[in-house]
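Here come two complexes built around subunit A, the first alongside subunit B, the second alongside subunit C.
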Partner chain A sequence: MLKILIPTLLLIPTSWLAKAKWLWPTTLLHSFIITLFSLAWLKNTTETNWSTLNPYMATDPLSSPLLTLTCCLLPLMILASQNHLAQDPLVRQRIYITLLVTLQLSLIMAFAATELTMFYVMFETSLIPTLILITRWGNQMERLNAGTYFLFYTLASSLPLLITLLAFQNKTGTLSLLIIQLLGPIPISPYVNIIWWTTSLLAFLVKMPLYGVHLWLPKAHVEAPIAGSMILAAVLLKLGGYGMMRLMLILSPLAKELCYPFIILALWGVLMTSSICLGQTDLKSLIAYSSVSHMGLVAAAILIQTPWGLTGALILMIAHGLTSSALFCLANTNYERTHTRTMILTRGSQMILPLMATWWLITCLANLALPPLPNLMGELIIISALLGWSWWTIIFTGAGALITATYSLYMYLMTQRGPVPNHMISMNPSHSREHLLLTLHLLPLLLLVFKPTTIWGSAY
Partner chain B sequence: MLIRLSRFGLALPRLLSNPQTRFVSQSKPSGATVSPALTELHPVSEKAGHEEVSPFVKNPDYHGFSTDPVVDEWNMRVAFFMGISVALVIGGTFLRYLPDHGMREWARREAERVILQREKEGLPVIDENYYDPNKIILPSAEDK
Partner chain C sequence: MNPYLLIVLLTSLGLGTALTLSSTHWLLAWLGLEVGTLAILPLMAQRHHPRATEAATKYFIVQATAAATLLFAAFNNAWLQGHSDIQHMSHPLFTSMITLALLLKLGLAPMHTWMPQVIQGVSLNTGLIVSTWQKIAPFILLLQIKQIHPPLLTIIGLASILIGGWGGLNQTQLRKILAYSSIAHLGWILLILQHSTALATYALLIYIFMTSATFITLKKCKATTINMLTTTWTKAPTITLVAPLMLLSLGGLPPLSGFAPKWFILQELTQLNFIPHASIAAMAALLSLSYYLRLSYSITLSLSPNNLPECLQWRVNYPISTPLSSALPAALALTLFLLPLTPSALTLII
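Our next item is the complex of A and B:
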C-alpha cells in the first residue's frame, strides 16, 4: 500500500518543484508509474479475500478494481487538463495538479480503508478538492451553485452516517470491516432499525446518486472542468456504491423490506433519467444524466443483496467509470474547439474530425452496453439478478435499456452526423494527446473483455 | 502535412495556399448540398492580430501537449510510452498471467477432463447424490 501512497503523496512536491516547462510531462510520468504499480492490487491470492493488509488498510476483490481505476485515472486527468490549463499562470497549474493528487490520495485511502471511520473521513475529505475544482475552474457562473449543491447534498446526507457509525462503534465495540463481516445480526429495537438503515445508506444513495436525490449531479458534472468531470463520473459516484456494499454487511437482517422503496426509486430513476437524456440540449448534461441512469441500475443491484447483484454492480461500476470518463473527454475535445456545449451548435463533426468520430462511435456503443464489452456484462448480470428478485423489474430494466440505446445513438448522431453548422469556420485538427487520452480509456475497456474476472468482485 | 507543402508557395495550385483550413472540395456546390465549401465562405486571415492562432501554424507537428516543440515532442513520447507500452502492455501481461484465483480455471479444466474420461469409460458423468446416502444417519420416525 505504501508503495502507492508515498509516490502519490510525493507527487505534490513534484508538481511544486518541477520546472515550468517540464511540469506536465514530469507529473504524467510519475502518475503512470503509480498506475503501473497499482495493477498489483488486482492480484488477490488469499483465501479470506483481504490482501495487502496493514493495520489501517487492505484491499479485497471489491475494492481493488476501484482502486486501480482511481490510480488509472490520474494520468488521464493530467492528459485531459493539459490543454485548457496552458494559459493559466504556472502557480495555478501547480495548484490544480496538487488538487488532483490530494483527491487521488483521499480516494485511495477511502477505498482501501478497513476501519469505517477512516472510510468516512476520507469520503468527506474527497469532497474538498472536488469542490475547489468545480468552483474555481468551472467555466460558467453556475459553477458556484453547482459547488453548493454538490457539497451540501453530500454533507447533509453523510452527517447521519457519522452518527450511525459512532452508534455502531458504541454498540459492538468495533468498526473494522474485517470483524464486522463476521458479526451476526445486531440486536436493535425495530423502530431504530429503520432509522439505522436509512441513515447508514443515505449518504451513499445521495452519492450514487439515487433518483430523487440526484439533483447535484447534473450541475456538478456540467460545471466541473474536464478533470473534475472525469473523476466525478468515474470514481466519486462509485464511492457511493462501494460504501453501500460495505455497509450492507452490518445491516443485512434489516434490509429485506426497507430496501423496496429504494429499489423502486432506483429503477424508476433509470427510466426517468434516460428519458430526460433524450431531451437534453447540453452535451455534458446528457452525459451526466446518463451517469445517473447507469448508477440507478447499480443502486438497485446492490440493494437486492444477491451475489449476482453485487457482481453485476461492480462490473457496471468499473465499465461505466471508463465509458463515462471517455464521454466527458470527448465532450471536452468538442468544447475546447467550439466553447459551447450545445449539441445543435456542434453537429457534423464526423466530417471535420473523422478519427474522433471513431472514438465517439466506440464510446457511444459502449454506453449503450454493446456486447462483448463489460458494460453489457454488468447490465446483463444486474438485469438477471433483478429478474430473479421480481419479474416486474423487467419492465423497468428493459425499457431502460431501450431508452439508453436511444439516447446514446442520439448523442452520437447529434454530434457527429448532420450538416456542419455555418458558423464553424475553422477547427483545429485533433491532437495526438486527445487520441491517446481516448485510447487509454477504451483499450482497458476492451481488454477487460478478455479477463473479466478482475472486476468480478468477491461475491462471485 | 499539407501545411508543410505550403513552403513551396505559389508552385502549388491556389487551393493549397490557404493552409489553415482543412482540405475540402472546391467544386461548385450542387443544389443538393446546403452549405458551401468552407474555404470559399470564410477565408481565414491573420489581419485582426489578436485572434486565436492555431498552434499548428508555428509547430506543424503539434501533438497537443505544449507550445514548446521540444517539450511537446518529449511529452508525447512519455505519454505514449508510459500509457501504451508500459501501462497497457506490461500491465496487461501481468493481469493475463495472474494466478488462478480460487482455482476456478482449474475447476473448469478438471470438470471437462473428468467428463471426457467418464464418458469414455461409460460411467455416469456425475453421481445423482451430492452426499453418499449410506453415510446419512436419519433419526427414526418420531411421533408428531
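Our next item is the complex of A and C:
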C-alpha cells in the first residue's frame, strides 16, 4: 500500500518543485506509473479475500477495482485539465495539481481502510479538496451555491453516520472491517434499529445519490471544472456505493423490511431522472442526471443484498465511472471550443471533428449499455437480481433502460448530427491530448469485456 | 499605549488567571477573576471610541455581576458546609448558582448576549484576549466543581451550540461572527465537562489555537467585515491559501485539527449513551459551518471583483506586521495538522 501512497504523496512536492515547462508532463508521467503499480491490486490471491494487508489498510475484491479506478483517474484528470489551466498563473496550476493529489490520497485511503473510523475520516476529507475545486475553479457564479449544497448535503447525512459508528464501536468494541464481517447479529431494540439502519446508510444514499436527496449532484457536476466533474462522477459517487456495501454486513438482520421504501425510491429515481435527461438543454446537466439514473440502479441493487445484486452493482459502478468520466471529457472538449454548454448551440460536430464523433458514439453507446460492454453486464445482472426480488421491478428497470437508450442517442444526435450552427466560425481541431484522454477512458472499458472477473467483486 | 502600562496590564492579566488556577479557596479564586477583569478594562477602552467605551462598560458590569454572584454563593456554601474548598462543594443550590455565574463569565447561552457586543467593540487583539485567555480561569473553576446538576450543563451546552450557530448566520462583522463561534465552541466544551476533564481541556486548547490563528489572520489583513476580506488575495496570497483551511478547521471538518475535539466529544457522549445530545450537537455544528464557509468563499474561493455576490471594499489596506504575527505560523500549524497526533496529545493531557 505504501508503494502507492508514498509516490502519490510525493507528487505534491513534485508539483511544487517542477519547472514550469515540465510541470504537467512530469506529474502526468508519475501518476501513470502509480496507476501501473495499482493494477497489481486487481489480482486477488487469498482465500479470505483481504490482500495487501497491514494494520490499517487492506484491499479486497470489492475495493480493489475502485482503488484502481481512482488511481487510473488521476492522470486522466491531469490530462484533461491541462488546457483550461494554461491561462492560470503557475502557482495556481501547482495548487490545482496539489488539490487533485490530495483528493487522490484521501480516496485511496478511504477505499483501502480497514477501520470504519478511518473510512469515515477519509470520506469527509475528500470533501474539502472537491469543495475547493468546485468553488474556486468553476466557471459560473452558481458554483458557490453548488459548493454549499455539496458540502451540506453530504455533511448533514454523514454526521449521523459518525454517531452511529461511534455507537456501534461502543456496542461491539471494534470497527474493523475484518472483524465485523464475522460478528453475529447485534442486540438492539426494535425501534432503535430503524434509526440505526437509516443513519448508517443515509450518508451513502445521499452520496450515491438516491433520487430524493440528489439535488446536490446536478449543481456540483455542472459547476465543477473538468477534473472536478470527472472525479465526482467516477469515484466520489462510488464511495457511497462502497460504503453501503460495507455497512450492509453489519446491518443485515435489521434491513429486511426497512429497505423497501429506498429500493422503490431508487427505482422511481431511475425513471424520473432519465425522463429529466430527455428535457435538458445543458449538456453537463444531462450527463449529471444520467449519473443519478445509473446510480439509482446501483443503489437498488445494493439494497436488495443478494450476491448477484452486489456483483452487478460493482460492475456497473466501475463501468459507469469510466463512461461518465468520458462523457464529461467529451462535453469539456465541446465547452473549451465554444464556451457554452447549451446543446442547441453546439450541434453538428461530426462535420467539424469527425474523430471526436467516433468517441462520442462509443461513449454514448456505452452509456446506453450496449452489449458486450461491462455497462450491459452490470445492468443485466442488476435487472435479473431485481426481477428475482420482485416481478414488478421489471416495469421500472425496463422503462428505465428504454429511456436511457433514448437520451443517450438524443445526446449523440444533438451534439454530432444536424446542421452546424451559423455562429460557429472556427473550431480548433482536436488535440492529440484529447484523443489520448478518451482512448484511456474507453480502452479499459473495452478490455473489461474480456475479463469481467476483475471487477466482479467478492460475491463470486 | 504606553509600553510600561501595557506590560503592567498584561502581567496583571496573567497574574489574575494564575491566581485563579492555583487557588483552592473561593476567595482567592474570586480575587484572581477580579484582577483579570480589572486588568483588561483599560486594554478594552484604550481606543477612545464610544463603542469601545460601551464594550468596556458592558464587560465590567457583566463580569462584576458574575463575580459578585460567585462570591455570594461561595460564602453561603462555606457557611453551610464549614469550609470553602473549591473541590468539595456540596450544596446543590449554591453549586448551581456558582456554575451559572461562571457560565455568565464565559458567555454561554442564555447569558451570551454581551459577548458579540463586547468583542465587536474592542480591537482585534483585545478581542483575542477576551476570547481565549479570559476563558481559561472560569473554565478551570468549572472543572473543579464536582457536583453540578448534569441537565444544567447539558441544556446550556446544547443551547450554546445552537445559539452560536444561529446567531452568527446573519452577521457581516467578523468580530461578531467570532464571538458566536466562541459561544458555540464553549458549548461543545460544556457538554463534556462533567464526564471527561481531559477532553474538555483538549477541546479548549484546540479552540484557543484555532481562534488565535483566526484573530491574528484578521489582524494581519486589517479586516473587520466580510467585505474587507475580499481583497486579501491581492495582498497576502499565502494567507489566502490557508485561510479556508483554518476556517474549515473551526467548523470541525476532518482532516483538520478542529475535527478532533468534536470527534472525541461525540465518542464520549455515545459511550455514555447520550446519543440524542450527541446528534443535536453534531447537527448544530453545521449551522456554524455555514458561516465559516461563507467567510472562506469571500477570502479565497471567489476572486473579487469577479463572481462575488457581495460588495467590494473601496479602499485597499495592505497587510501589516503585528507583534502577534510571529505566532501565526505556530497557531496555523496547530490548527491544521494536529489530527494525526491526537492519541499522543490526549495521553499528554490525561
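We adopt the following convention: the second predicted complex is superposed on the first by the 460 of 460 C-alpha atoms of A that agree within 3 Å, B and C clash if a C-alpha of one lies under 4 Å from a C-alpha of the other, contacts with A are read in each partner's own complex, and residues count from 1 in each chain.
Methods note: a residue touches a chain if its C-beta (ideal position, glycine included) is under 8 Å from a C-beta of that chain, and two chains touch if they have at least 3 such contacts.
Every value quoted in this text rests on a predicted model; they were computed, and no experiment measured them.
With subunit A as the common reference, the superposed partners subunit B and subunit C fit together side by side. By the document's definition of touching, of the two partners only subunit C reaches A:Pro160; subunit B does not.
Greater residue coverage of subunit A by touch, when subunit B is weighed against subunit C, goes to B. Contact with neither subunit B nor subunit C is seen for A:Glu379 once the two complexes are overlaid on the shared chain.
When both complexes are overlaid on chain A, the residue A:Asp60 reaches neither subunit B nor subunit C. Residue contacts after overlaying the shared chain place A:Thr454 against subunit B, while subunit C stays out of touching range. Within the superposed three-chain model, A:Glu223 lies out of touch with both subunit B and subunit C [touch as defined at top]. Shared-chain residue A:Glu115: touches no atom of subunit B or subunit C. Superposing the two structures on chain A brings subunit B to within 21 Å of subunit C, judged by their nearest Cα atoms.
Subunit A residues in contact with subunit B (one complex) as well as with subunit C (other complex) do not exist.
The part of subunit A that touches subunit B in the complex is made up of residues 21-22, 24-25, 28-29, 32-33, 35-36, 39-40, 42-45, 61, 72, 75, 79, 82-83, 86, 352, 419-420, 422, 425-429, 431-434, 436, 439-440, 443-444, 447, 450-451, 453-454.
Interface of subunit C with subunit A (complex): residues 237, 241, 244-245, 248, 253-255, 259, 263, 266-267, 270-271, 275, 278-279, 282-283, 285-286, 289-290, 293, 297, 300-302, 307, 309, 339. For subunit B in complex with subunit A, the touching residues are 20-22, 34-35, 38, 41-42, 44, 54-56, 62-68, 71, 74-76, 78-80, 82-84, 86-88, 90-92, 94-96, 98-99, 101, 104.
Interface residues of subunit A, counted against subunit C in their complex, comprise 91, 95, 106, 121-122, 124-125, 127-128, 132, 135-136, 140-141, 143-144, 147-148, 151-152, 155-156, 159-160, 162-163, 166-167, 169-170.
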